[in-house]
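In C-alpha cells below, several structures.
Two complexes are shown next, each including subunit A; its partner changes from subunit B in the first to subunit C in the second.
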Partner chain A sequence: MGSSSAQRELQRELEAKANDLSKIQKDISKNHQVRKKYTIQLGENELVLKELDLLSEDANVFKLIGPVLVKQDLAEARANVRKRIEYISAELKRLDATLQDMEEKQNSKKEAIFKVQQRIQSLQAGKAKA
Partner chain B sequence: MRGKGTVTPLSSVFSVEDTQKAAKRVQDTIAQKDLELDHLRGFAADNTDLINLVARLPEHLHHDIMVPFGKAAFFPGRLVHTNEFMVLLGEGYYAERTSKQTVDILNRRGKVLESQVDSLKAMVQDLKAEASFFNATATEAAEGLVEIVEDYEEESSSDRECTPKQDYANNSRAVIAQPADEDEEFARMMARMDELEKEEREAESHMAQSDEDEQLQHGLHQLSDQKSLHGNLKISEYQSRKPPEQTKDGIASNEDSFTDVPSGSGLVSKYEDKVSHENILGRDVKSVAEKDLVSPVVENVQTVPLSRSQVSLESSKPKFDREKAFTGSIVEHADNLQIKSRERTTAISQSSASQVSKPVSRFKMQRK
Partner chain C sequence: MAMSVRGEMEKLSAEQLKAVKEQTDLEVNLLQDSLNNIRTATTRLELASSALHDLSLRPTGKKTLVPLTASLYVPGTLQDPDQVLVDVGTGYFIEKNMPQAKDYCERKINLLKSNFEQLVEVASKKKSISDEAGLVLQAKLKQMAPTAQ
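Then we have the complex of A and B:
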C-alpha cells in the first residue's frame, strides 16, 4: 500500500515536471517566432539603409506616418534607420541570451523527468518481484 | 573487442513509428519551405515584371489608363510625369526617384531575392537528404533488419586492423603492383585520347591498324584457347589477309608474339598486355611499343603477372567495341566475341586467385 502511494506521488511529480517542460518548450518556440520577425525586420532595415546611403543628398525622402507621407531630411532618415538597426540587433542579442537560458532549463527539466521515470520503473520492478 | 560484433535488430534502436514520425515531420518542413520558396519566386517574378514596367513607362509623356477606384470601380485616367516614381524603400520610407534609379533599386532588390531563393533551395535540399535518410531507416526498421550499420562497419574495420598482415600477405602482390597499374592505366587513357584525336585524320591507316590488332588478338585467342579447332585455319587466314600497308614493325611484333608463345605461365596476360600496348601506342610510336614488348614480358613472367593481366583484360573490353565499330566488314565478329568471352573465362579461371583478391585490395585501398 505504501509503495503504491509513493508511486502515485512520483506520478504526480512527473506530471508537474512534464507540464513545466512543455511550458518551457512553448516559450522557446515563441522566442523563435519573435526572433524570426526581428531578423526579417533587420534585413529590411539594412536594405533601406543601403538604399538611403545610395541616394544623392538632394533626393526627396518621405516617411509614411499613418495615412500621410511626411517629407523627411535624408540625414535624419539615415540616422533613424541606423538607430533602428542598432535597437533590433540589441533585441536579437537579448533574445539569444534568453533562448540559451531557456534551453538550459529545458535540459535540466528533461533530466529531472528522466530520473523520475527511472524511479517509477524501479518501483514497478520491485513491486513485480514482490 | 568483440570477435564477431553484436547482432541487434534495427527496429529495437529506432522504432518504426518514431522514424516514420520523424520522416513525416521532415516532410512537413519540406512542404513548408517549398511554400516559402514559391512565395519568394512569386516576389522575384513580380519584381522583374515591375522592372519591365518601370523601364517602359518613360517612353511616353503620358499613358491613358484605367484608375482603380475602390474595390470594384475604375475610371479612365491619364498617367503624367512618367519619369517620377515614389519608391517604397521599406519600413515606411519612400524616396522620389527617376525611372532609371528605380530600376537600379529594383535590380538590387531582385538580387537579394535571388540569394534568398538560393539559400532556401539549399535548405530544402538538405531537408530532402534528411528525409530520405529517415525513410530508409524507417523501411529498414520495418523490414526487421538486424545488425546495426555502425556495428557492421566497426566489425569490418577491426577485422582489418586485427588481420592486416594476413590480408596483405594474400594481396601483397596486388597491392604492390597497384600504383604501377594505375600509372599505366592513366598512361593508357592518355594514349587513347591521343588516338581518338588522330582517328579522323588517320582513318585509313587506322583501319589497317585495327586489322592488325584484331589479328594479334585472334592469334592470342587461338593460342590461349588451344582447344579451338579453327585456330590453325585462322592463323593462315590472317596472315594472308595482312594489309600491304602494314609496317615492318607491326609484322615483327606479330611474329614476336607468335614465336614467344610457349614461353611460360603468364601466357594470357603477356599477350593481352602486348596487344593492348600495341593497340594504344603502336600506330604512332612503334618503337615504344617494341620497347614495351620487351620489358613488360620480363616483368610479367617474374613478379606481377596476374594483376597486370587483369588490367589489360579490363582495358581490352572497350577495345573490342572499338574494333567492332571500325572493322564492321570483317566476317568473324560473332565468332570473335565468342572466343573472346571464352578466352576471358579461361583467363579468369587461370588467375582466379588474384582476380578475386584484386578487387578486395582495391576496396581496402579506398578504405584506407
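Then we have the complex of A and C:
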C-alpha cells in the first residue's frame, strides 16, 4: 500500500513538472515569434537608414502618417530611424537574455522529469520483483 | 566533408536521426519560404522598374486618366514625369528624380539577387544534410528489422 501511494505521489509530481515544461516551451516559442518580428523590423529599418544616408542634404523626405504624407526634415528622419534601430536592438538583446534563461529552465525541468521517471521505473521494478 | 557528416550520423540512434531529419526538414521549408518571398519581392521591384521606364517615355503635359476607384477615372495631365516618390519602407517616402529612382530599383534588385544566391546555397546544403539523414535512417531501420523479427 505504501509503495502505491508513493507511486501516485510521483505520478502527480511528474504531471506537474510536465505542465511546467510545456508552459516554458510555449513561452520559448512565443519569444521566437516576437524575435522574428523584431529582426524583420530591424532589417527594414537598416535598409531605410542606408537609403537616407545616401541622400543629398536637400532631398525631400516624407513620412506616411495615417493617410497623409508629411514632409520631414532629413536630419530628423535619420535621427528617428537611428533611434528606432537602437530601440529594436535593445529589445532583441533583452529577448535573447530571457530566451537563454528560459532554455536553462527548460533543460533543468527536463532533467527533473527524467529523474522522476527513473524513480517511478525503479519503484515499478521493485514491485514486480515483490 | 560529406563523408564525415555521414560518419557522424552513423553513430546516432534511429531516434536521434529522426529528430535530426525533422529539424533539418523544418529548416529547409523555412528557407524555401524565404526564397519564395525574395522572388516575389524581386518581381515587384522589376515591375516598378519597368513602370518607371514607361513613365520616363511620356512627355510632360501628356493627358492621362487617373484611377480614383477601380471603375472611376478622372482626366489629368502629366505635370512632372521626372519627380517620383519612392517608398523606402517603415512609412518613409523619398522624392527622387528618374535616374535616381531607377538606380534605387536596380540596387534593391541586385541586393535581393545576392541574398537569393546566398540563401540558395544554404538551402541546398541543408537539403543534402536532410537527404543524408533520411538515407542513413532508412539503412538503420533496415538493419534493425531482421533482428526485431
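Details
One rule holds for everything that comes next: the second predicted complex is superposed on the first by the 130 of 130 C-alpha atoms of A that agree within 3 Å, B and C clash if a C-alpha of one lies under 4 Å from a C-alpha of the other, contacts with A are read in each partner's own complex, and residues count from 1 in each chain.
What we mean here is this: contacts are C-beta pairs under 8 Å (C-beta built on N, C-alpha and C of every residue); 3 or more make two chains touch, one makes a residue touch a chain.
It should be emphasised that the depicted structure is a prediction, and the values quoted were computed from it without experimental measurement.
When the two complexes are overlaid on their common chain A, residue A:E51 makes contact with subunit B and with subunit C alike. When both complexes are overlaid on chain A, the residue A:A59 reaches subunit B and subunit C alike. In the superposition on chain A, no contact is made by A:A16 with either subunit B or subunit C. Shared-chain residue A:A6: touches no atom of subunit B or subunit C. Of the two partner chains, neither subunit B nor subunit C is touched by A:A90.
Common to the subunit B and subunit C interfaces on subunit A are residues 41, 44-45, 47-48, 51-52, 55, 59-65, 69, 72, 77, 81, 84.
For subunit A in complex with subunit B, the touching residues are 41, 44-45, 47-48, 50-52, 55, 59-65, 69, 72, 77, 81, 84. Put simply, subunit C touches subunit A in their complex at residues 85, 88-96, 104.
Residues of subunit B touching subunit A in their complex: 86, 89-97, 105, 108-109, 112.
The part of subunit A that touches subunit C in the complex is made up of residues 41, 44-45, 47-48, 51-52, 55, 59-65, 69, 72, 77, 81, 84.
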